[in-house]
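These notes open a run of structures that come right after.
Two complexes come next, and they have one chain in common, chain A, joined by chain B in the first and chain C in the second.
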Partner chain A sequence: MHILLSLSVFSGFALLVGIGLAFASRYFHVEGDPLADKIDALLPQTQCGQCGYPGCRPYANAVAALEVDVNHCVPGGERTMLQIADMMGVEPKAIEAEETAPVVAFIREDECIGCTLCIKACPVDCIIGAPKQYHTIITDHCTGCTLCLEPCPVDCIDMLEVPETLEKWAWPVPGTERAKVGVERKHQHEGIDV
Partner chain B sequence: MTEFALILLSAVLVNNYVLTKFLGICPFLGVSGKVETAIGMSFAVMFVMTLASTASWLIQQLILVPLDMVYMQTVFFILIIAGLVQFVEMVMHKTSPVLYQGLGIFLPLITTNCAVLGVAILNVQQDYSFFASVLYGFGAAVGFAIVLVLFSGLRERIEGAPIPEVFKGSPITLITAGMMALAFMGFAGLVKV
Partner chain C sequence: MFNLLHTIKHALHLTPQSHAFRGGVHLSEFKRTATKASEQCPMPRVLMYPVKQHIGQACEPLVKVGDRVLRGQKIGKSQGYVSVPIHASTSGIVTKIENHIIPHPSGMGLPTIFVEPDGLDEVDESLIPLPNYRSLSPVELRERVRIAGIAGLGGAVFPTFIKLLKDKLHSIETVILNGIECEPWLTNDHQLMLEKSHQIITGLDIVMHMVGAQSAIVAIEDNTMDAAFVMQNAVEDMKLSQVIKVEVLPTIYPQGGEKQLIQALTGKEVPAGRLPIHIGVLSTNVGTAKAIHDAVCLGEAMTERLVTVSGDALPSPKNMFVRFGTPVCFVLEQCGLDSCDDVNIIHGGPMMGEILRPTDIPVVKASNGLLAMKKATVMASHHEEEPCIRCGDCSDACPAGLMPNLLAMHCKEEQFERAENYQLFDCIECGACSYVCPSHIPLVHYFRFGKGQVAKIRREKVFAEESRQRSESRDLRLRKEQEEKEEKRRIAQEKKEARAAALAAQAAAATDVADEALTETVSEKPAPTPKAES
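And then the complex of A and B:
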């Protein structure tokens, strides 16, 4: 008799705990992966696909699942990589892709047939135009992701290096080719002076 | 009041769960690689231990003793601890996903952390009052937290130290833990029991 009593008391208690946990799991339900959300918020959202994933969100998911290193976001550059590495608590790694001179897309307008395919492909909505009208690119907003090259049926989009004009000039990022060139020029200049 | 102060002091330093009673060694060695995760783990254990000792006292006094079922103690305590750990895991997944990932498997393993079950069982054995038992559980958890955080700090420094090849990794960790235990024996003279 006593055994039955203790069994039923224990089962009842276990049931109570179970019900409590069921309510708690409803209350603390987590939509998706909160870690991926945080990583996604750090990414530049250019959806350029240069990391090998079809967009920023899939890349964030892969990083959160520890499937891939933190150093594949090219537009985000070193700063984004450091932020993600810091948040994930992993060692920072240098960006693998070659640091290239910044490029923007340019549409040769007299060849454009106005098909709007590049407009649909642009992740940052920086191509303007309408069906059967010339398209053009707002170069200030172009991230140079090259995603518009592929869909263009007449291949009228070029990637041009951003010209170094007085309006566009900025100090070079330390450690890049451009900064090295600057240092070399300075040394040359000083050499001539002496 | 002195009694409560003594209980707290004894649980934190003199009868430290990790270094004097040698309970909870698994997370002590497993999660002490980084100070950050150690702090997170400390808070999780602190929460679970305090609640577990409170709940176990309640179960003991309200269910087990009146119904004459004290022999069911261990099963009941494990059940309540498992429930609490599940709860902490849900809360942590929601509020701090980074810590959740950092703690990894050691968070659900609090369930089988002998220090938590130890605090529940030793607590009811000592016939404390309700408040004293809550304090005892909290003190034991604080002791665990202090030792875990100190140890993780030591380990972070040892990482960069020039250690002989044969001592690298686990050996130096265990030696350090042993030295810490020796140091904590110094607290034994603090309170006369």
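And then the complex of A and C:
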């Protein structure tokens, strides 16, 4: 008798909770994938495609769906990788490609034939020009993705290193032995081989 | 009874037993140049004007190579709001405009205007003296302060005119004249108060008129009592003792910091991330007050400042009025230094200043002191960093009430979010924590590193957000174009089909007619002609 009572109490409770959850999933349904949104917000939005996906959002979706590792965003660097790993609750993994200095594209205008192919390739719409007119790049908006290099038929686009300006200068980390030890230990903690 | 209460209140207010802000350190003073009468620095062979000598946007050069400029002539036009123009500090010919190194820890350069003096020192008289400033509107005076190129001479070089605003939302009750020179070695503010007390008080009066303040406090530390007497006499001479009060505070570093001084004088704390104006206070340095007096009453743009030239490597340290643009090495030579090679030159005070590597750097608006120190002295103060022993001395010394050891740890391990949670941005970089640290940890250096990195991360975030929007709007545009194309194609397809259907119907009708003709049955009605849809 007692067994029956307890069984009925618990199954009744489970049923109630189940109904509640069913309603909740219907009425509090969120469109899209909130995790992918969060990951997308961490990515540098260069839209460069170095991760093998056609932009930052698709990569974020893939990471959120556990289809791909967290270490494929090259321009995001180690910091972004660590943040994503932290958010996904997975082990951090070193990025295979080497980190490079930030670059921006620059068109040598006297060689440009005005074919508009690079304009179509630019993922952030920062090349201006018209057919048979010189094209130019809005340097402030260029993400340095290099996607415009490949379609250019006359190879008139250079990738230039962004010069360090006084406004963007920042103090380097103190160069004491202790600071180096701190950085090494930090890497040790995070399981990255240096 | 009332009298007794009043006396107690008065006594409590006027004789603060201890400073009101927490922390602080007592430093050795080394004020070798104290009470040495100021001298005028001779004219160098070339003057250099970097296009930015203040916090904010850089100026654009207004002159060309070969132009003749006069003393006080505007040679750099300010770009943007947080900016003040640059003036030539003597008459001469512009010889070149090119990138030149500036006094900055990065060692980077800025476009710099080089002027070769002609020795005549002719003055540009386009600014009319306005001695009756009380009858003028604050707006007019504010514009004068701006075009005279005045930036705060206490060290931060923030454009002064921005602060001098009569704001309806935040009315300013008290103006604080900062006569506290808490950095060791430096004596320029002290000397300026001894020599130009009347001009300084007039400048303070102009500021009070501009912001509509009813009272002012001249703050002086008890290691410069002579300046306090001179300032008190000047206030009484000018019959302003009703509104201007001279207060003497016990000496402690960093009492000259704006927020610390306001707390020490009024007991009010400037909230984190806010400005003194939000608690009804405005503070200005004595040098700035004198510059305001010169700009308004004499019509002179800011072209020189009093600089303490001192240090243990200098045979004859001095307080000198140095024109902006004078090379640092030239100034040191005037004090008997033979060669700039085997000394370390500190720009500013020893606590907050920085070591300059090359010496052909010009004196700028921020240069309150130039210290030539023996290399051995500087090296002796450099120690290997040792582990933190959690003694807590840094927290006791911090005037902002922070925990420097934890902050430094988070900055070192690049945990910038945590550092921000520990109020990294409330650090005023006074160096009190680094000074007391028994493990010689360069705490302030870590905070500067952390602040720079946080700023960089914020910039990157903003850029990423912009890029994302651009990318999204591009995707949207492409999708729209695609849809439009498909829509057009669909319409064309429909038209084509309709036309084909019409043709087919016509053909069918024609065959019908032919059939009828073939069967030779004459019908009364004509064959229906199908119409195209459009």
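Here are some notes:
Heads up, the rule we're going with is that the second predicted complex is superposed on the first by the 130 of 194 C-alpha atoms of A that agree within 3 Å, B and C clash if a C-alpha of one lies under 4 Å from a C-alpha of the other, contacts with A are read in each partner's own complex, and residues count from 1 in each chain.
One rule holds in what follows: a contact is a pair of C-beta atoms (placed from the backbone, for glycine too) under 8 Å apart; a residue touches a chain by one contact, two chains touch by 3 or more.
Owing to the predicted nature of the structure, the values given are computational and were not obtained by experimental measurement.
Judged by the touch definition given at the top, the superposed model places A:L166 against chain C, while chain B stays out of reach. Using the contact criterion defined above for the overlaid structures, shared-chain residue A:C56 touches chain C, although it does not reach chain B. Legend: residue contacts after superposition of the two complexes on their common chain; A:P44 is shown touching chain C, with no touch to chain B.
Of the two partner chains, chain B is the only one that A:M88 touches; chain C does not reach it. Look at A:Q133: by the touch rule set out above, it reaches neither chain B nor chain C. Within the superposed three-chain model, A:A14 lies in touch with chain B and out of touch with chain C [touch as defined at top].
Of the two partner chains placed by the overlay, only chain B lies in contact with A:L35; chain C stays clear of it. Contact comparison for chain A: of chain B and chain C, C touches the greater number of residues. Comparing which residues of chain A touch chain B with which touch chain C, the overlap is empty. Those residues of chain B that touch chain A in the complex are listed here as 34, 36-37, 59, 63, 67-69, 72, 75-76, 79-80, 83, 86-87, 90-91, 93-94, 97-98, 100-102. On the chain A side of its complex with chain B, the touching residues are 2, 5-6, 9-10, 13-14, 17, 20-21, 24-25, 28, 30, 33-35, 38, 64, 87-89. Contact residues on chain C toward chain A in their complex (touch as defined above): 52, 104-106, 108, 110, 384-387, 412-414, 441-442, 445-446, 448-449, 451-453, 455-457, 459-460, 463-468, 470-471, 473-474.
Residue ranges on chain A touching chain C, taken from their complex, read 40, 43-47, 55-56, 79, 123-126, 141, 143, 164-166, 168-174, 176-179, 182, 186.
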